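Pasting a structure here, questions to come.
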Amino acid sequence: MNVQKEAQTNILSQTQALLLEVCNLTKVFGSGLLQRGQKVALENFSMSIQGSPPKIISIAGESGSGKTTLARLILGFLIPTQGEVRYRGKDLKTMDKKSWQTFRREVQAIFQDPYGVYNPFYPVDRVFEIVIRKFHLAKNRQESHRITEEALVIVGLRPDEILGKYPHQLSGGQRQRLMLARAFLLKPKIIIADEPVSMIDASMRAIILKIMIDLKENFGISFLYITHDLSTAFQVSDDIIILYEGWVAESGDAQIVIKGPKHPYVQLLVESIPIPDPEQPWQGRVELPPEEELEMNTLRGCKFYRRCPYKMEMCLKSPPPLYNIGPDHLASCYLYKGREVDKDT
Amino acid sequence: MTERKPILRVKDLKVYYHTDRGSVRAVDGVSFTMHEGESFGIVGESGCGKSTMAMALLGLVVSPGTIEGGQIFLDGTDIFTLDRELIRKIRWSQISFIPQGAMNSLNPVMRIGSQIADVITTHQGYQPEKILRKRIQKLLSTVGLPHRVYRMYPHELSGGMKQRVCIAMAIVLEPEVIIADEPTSALDVVVQRVVMQTLVDVQERLGAALILIGHDMGLQAQVVNRQAVMYAGKIAEIGEVKTMYKNPLHPYTKLLIESLPTLQLRHDFQGIPGLPPSLLNPPKGCAFSNRCPYVMEHCREAMPKLVEIQPNHFVACHLHSEVIK
Amino acid sequence: MKRGFVGILMGNRKFIIGFIIFIVILMGGIIAHQTIPFRYSRTGAFPPGLPPGVKNILGTDSLGRGIDVQLAEAVVNSVQIGLIAALIGTLVGAVIGFTSGYYGGIIDAILRVLMDVFLSIPSLLFLILIASLMRGVTVRGMALIIALFAWAPPARQIRAQVLSLKERAFVDMAKLSGMSEMEIITSELVPHMFQWMSANFVNATLAAILAESGLSILGLGPQNEMTLGMMIYWALSYAAVFRGMWWWWGSTVFTLTSIFISLYLLHLGFDEVINPRIRSKI
Amino acid sequence: MWLYLRYVFGRFAIFIITIFIAITIVFIVPRFVPGDPLFAVTSKLAEMGGSRGSPELVEEYRKLFGLDQPVLTQYLYYLKELSKGNLGYSIANFPATVTELLMRSLPWTIGLLSVATVISWLIGTFIGAISGWGGKESKISKVLVPLALGLYTIPYYILAIILIFLFVYVWGIFPISGGYTPGFPIKFSLPFVLDVIKHSILPALSIILISLGWWFLSMRSMIVLLQGEDYILLAQAKGLSDRRILWRYAFRNALLPQVSGLAISLAHIVGGAIILEKIFAYPGVGWLLYNSITELDFPTIQGGVLVVIIALTAANFILDLIYPLIDPRIKYKRG
C-alpha cells in the first residue's frame, strides 16, 4: 500500500507537466438495480502520458480485459463510474467548451474496424472535410486540398487513387491509413489506436505500425496502442501496461516486461505466443480448468487465482496491489510482496 | 522422414465464383499431395482462396461457385466422380472439418450431445441413447471437456470450449483427414494455445492427416510439418516448414516472414507495399509481379509453374525456374 | 450509394410496375372526378341496377347512381386518407423513434412500453371506438383518426435501427471530428433512415387505406363522401353480391386490390433496394 | 430456472401494463372525443325511456359511470365494477348485460379464429420451409411465391366477398350467412356441429388463405436466410441428409421468429376477422360490434373492444411463455 501512495503523490507533483492523466478509473457496466447484471470492466486504473518526449504506450490484454473500455473512457465516449480522466490538468467531466475543443483536437483515435468508421453514404473525402471545417484548419478550398493531400502522402497514399472514392472501393489497409491521415491532419498530441491492425493482413500490418512509429518520431505524436498482440506491442511500444479482467497485471518498459515477464499471467501470455520459427516450439503444456471457463469470475481476490500455478491463500483474500519490482516496473502479484525495489534505484 | 502413403491428392483444382461482373478465380489451378498422418498448412492472406479450398475438399462448393476443373483424390478415389449420396457418406467419416467460427457453427437450439449424436446416427445407424451418451461423453473428455457439456447448449459455453466441441465432433468417426479452417482465429492467445494443443493431441492419437488453414504464420510454424503458401488463388510455394522458414524461396514467402513481428529484435519487420491483384481479371504473368521487389520483365508475361527446386520443396517463381534451366 | 438510390429504384422492376399501376389509378380517379358531371352521382340520375354498357361505362347502383363517378371520387378520397395518415404516422413515428433510440434512459423506457402496447393491440378496435363516438366523420377526420395509430410500427423500427446505428464506429468518428449531436443525427443517421422511412411511408399508406376500408365496411366511414370502403359498405348493404350486381362490388374490389398490389410492389421494390441481401433471395 | 421466472415476471408486467393502458384508453376516449358522446348516450336512453327502456336503465347507467362524480372518482369506480366483470347494460338489448352478450358471441370468434389461425400457421410454416429449402429455382417456389404475394396483399374481407360470390351466388354450395341455420336447436349434437362447421367454412377459408400467404412468405425467407448460416454449412459437412438438416437445423431455428411473428400478427388477424364477421353475419364479437355501432349501443362497443383486447393480450402472453421452451437462449436475454 505504501508503494501505491508514494506513486500517487508522485503523480500529483507532476500534474503540471502531464498531458493526459487517468486517476483511479473504474467502470461498471449493467443496471444498478439488478446486481447480477453488473460487470466491472475496469477497476481502479491509473496512468499518465507526458507528451514529451512522445511515446508509444501499449495497453495489452485479452478480450474482456477492459482495454477498449479504457480507450472509450479516455475519449470521453463513456462516463467513468469512479475516478477521472484529466487532460492538461482539467477533468473531462467538468471541462469548459474551449478546453473540450482543444481536447478533441489534440486527442484523436483510430479504431479496429477500418470499414465501420466510414459512413457508407459519403465518399471518403468527407472525413477530411469535416475536421477541416470543424477545427478551422484551412482558410480556403485550395489550402484545404493541399493539407489533405499532404496528410495522405505522409501515410503513403496517392491522393489521386483515394479521393472521390467510396469506402467499399478501398482495401482495409488503405482505409486504415486514411484514418491515420485524418488524425494527422489535426496535428494531435495523442492518438488512441484501438486494435488498429487486428483486422488487417500481415503484409499491411507492418506498414501501418511503421507509420505510427514515423508519426511519433517525426511529428511528436504520442500513441496509446491498444492491442491483444504482444509481438506488435513489443515491436512498436516504449512502455506497456498489461491488463487482466480490468486490473493491471504488470507494467513497465515494453522490452523488459515482454522479455522477462514477472506476473504469472504475463508469463503465460508470453509463452503462448506462437513464434513464427519452427525451431522455437511452444514449451511444455498449458491446461485451463474447464470449470473456470464455465463460471463467471466473481472472486474477491486476485482475478488470476484459478489459472495461477503459484496460487497462495492470501491471493483469495484481497486483490494484490502493484509492487515495485524494478525501475518503473510494477506487478500486481503477492509473489513480490516484501521483495519490492526502491523506486529510486 | 520416412515415405508415407499419400492420402489426399489435389490436381489442378479450379474453383470460380460467377458474379455479374465476371468470374472470380478463387482457386486457380492448385495441386498438392498429402500423406497419412501428416500436418499440412495452407497459409495466405484474406481473399487468397484458402477457405474456398477447404470447401472444395469437402465437396461443398455452392452457387455462385463452381468447380471449373481438376481432381481431388481421397484415398485413391476421385471424389468428383462420385454421386451426391456417396460424397455425403464420405464427408465426416473420411474427411472432417473444424470451422473457423465455432461461435456460429453449432446449432443454437440443440444440445451439444444431440449435435454430435447426429453424426454418429447418420453414418453408423441408430444406436440407443445410453450407448451414444457414454461414447460422446468419453469423446468430450478427450478434448478436456467435462461430461455435463453433453447436456448443455452452445450459448452456455465459452469460445474456447465451443471450439473444443467442434474438435470432438471432427474426430468422432475417426476420419483420415481433418480440415481445420482458422480454428483459433477468434480466440485469445492462451486459449488458442490450449485448443491447438488439444487438436494436435487428438490428431496424433488418431493418426489422421491434418490440414490447417490459416493466416497466422506463427501458428503454422508451431503446428504443421509442411505448408503451402497461397497467393491470389494459386500456390506460391510448398515445402517442409523447417526449411521454408529458414530459407524461403518465393519472394512473397520471404516478405511475408519478414513482415512478422518477432520477440527478438525491435523494428525488424517490413510490410509488403501494394495490393493483391483482383481475382476477376488476374494479370497475365505472375500474380505477385506488381508487388515483387525482384520482378523481371519475363514475370509480367508468363505465369510461373510450380517446380520442385529442392527435394520436397516446390516454388512457382521465375527466379528459380531460371536456375533449373 | 446515395448517388444511385433513385436510379437503382427506377431500375427495380417491382418498383416500376407498382409505381405505374398506382399512378394510373390515381390519375384516372382525379381526371374522371374532374370531368364526369357531379349530377351523375345523385340518386336517380340513371335507371337503377344498370349493367355496364353504352349508357354508363361501369353501370349504376341500386339507387341509379353512376358507379364510375362514385369510383373516381372514392379513389381520390381513399388515397388522400392513406397519404395523410401515412405522412403523419411516419413523421411522428420518426420523431418518437429517434428520441427513444438516441437518448435512451427513462424517456426510452416509457416510450418503449407505449410502442409495445400499441403494437400488440389491434388499432382497428380503438379506431372503432373513436369513430363510433364521432358520428359523421369527414375524409380528413378519418385520416387523422387513422394517423393516431400509425406511428407505433415505424417508431419501433426506427428506434431499433437508431440503437444499432449509434453504436457504429462512424458515429464515434463523427464525435471525434467535433460534430454536435444534432449534426450527427441529421447528417450521419438520417440518411441511413431516410430510405427506410420512404419504404415505411408506402407501407403505412397501404395500411391506412386498409384501415379506412375496414372502418367504412363496419359503417363508420364518412356518410356524405365516397371512399372505396364506403362503396363496399353500400354494395353490401344493398346485397349487391346476392343480386348479381357484380359490376358494383366487382369494380370496387378490383380497384382496391389494384391499389394494394401496386403499393405492395412499391414496398417490395424499396425493400430490395435497401436490403440487397434479400434482393436475390425471394 | 431463476432466469426463466424473471423472464415470466417481466412478460407478466408487460401484460398487466398493456391491459391497464387499454382500459384507461377505453375509459378516457369517450370523455375527450368532441360532442360529448356520453351525454348523447344518456339522452338516447332518455328518449327510449318511455318505450323500451326505463328510468331504471338510465339510473343503472349513471351509477355505472358515476357521471356526476369527478373524472378520477369515475375512473376508480369504473375499475372497481370492471374487476367484478360488470360492463353495464346493453342499450339495444336491454335488459341483457354487455357481459352476457359478449359471453354469447366470444366463443364463436375465438373458435373460428383459433382453428383458422392454427391451420394456416401450420400449413404456411411447413410449405414455406420446404419451398425455402428448395431455393429460388425450385418449381414449387416459382408457382407459390407469386401466389402468396398476391394473397398476402388482399385484405380478408375482399377475399370473403369473392368467396361469397363464387360459393354462394354462383355455385350455391354454402349457406349465405350466419353461424348456424336459424331455428336449429342450439345444443351439443352432431347435426348442430356439422351445421356450424358448414357455416364457418367460408369465413375460415378467408382467414386461412390470406394469412397462409404471410406465414408461407415469412417462413420461406427465414429458411433462405438461414441457409447461409455457419451451422447449416457444418451440418452439411457432417454429411447429414438434407432432410435432417432441414428439419433439425434450419426449421427449428426458423420457427423462433415464426412464433414471435404469430404474436405480432394476431392483432392483425383479429382486426380482419371482426370485419369478416360483419360480411358473413357470423355471430361473433365482430357482428356484435357491428350491430352495436348501427344501434349506437355504446356500452356494448366499449365492452366488446375491451374484451377483445384483453383476450388478445392474454394470447400474446401465453405465446411469450411458450417461446423460451423452443428457444433455449431467451432465458438469458435481459429486458
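Think of it as A, B, C and D in the order they're written, each chain with its own count starting at 1.
Note that in this section contacts are C-beta pairs under 8 Å (C-beta built on N, C-alpha and C of every residue); 3 or more make two chains touch, one makes a residue touch a chain.
This is a predicted model, so every value here is computed, not measured.
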Going by the touch criterion at the top, tell me which pair is linked by more C-beta contacts: B-D or A-B. A-B
Look at all chain centres (mean of CA atoms) and spot the one farthest from the centre of chain A. D
Interchain centroid distance [CA atoms averaged], chain B/chain C, Å: 54
Euclidean distance of C-alpha centroids - chain A vs chain D, Å: 56
How far is the middle of chain A from the middle of chain B, if each middle is the mean of its Cα atoms, in Å? 33
Residues of chain C defined as touching chain D within the complex: 113-114, 116-117, 119-126, 128-130, 132-135, 210, 213-214, 217-220, 232, 236, 241-242, 244, 246, 249, 253, 256-257, 260-261, 264, 268, 277-278, 280-282
For the complex, give me every residue of chain B touching chain D. 58, 60, 88-93, 96-97, 99-101, 104-110, 118-119, 122-123, 153, 155, 166, 169
Okay, in this complex, where on chain C does chain A touch? 1-2, 168-170, 172-179, 188, 191-192
Of chain A, residues touching chain B in the complex: 62-63, 156, 171-174, 201-210, 213, 228-232, 234-235, 255, 258-259, 268-279, 281-282, 285-288, 290-291, 293-294
Chain A contact footprint on chain B (complex, rising order): 45-46, 144-146, 156-158, 160-161, 188-194, 196-197, 215-222, 241-242, 245, 255-257, 259-263, 266-267, 269-273, 275
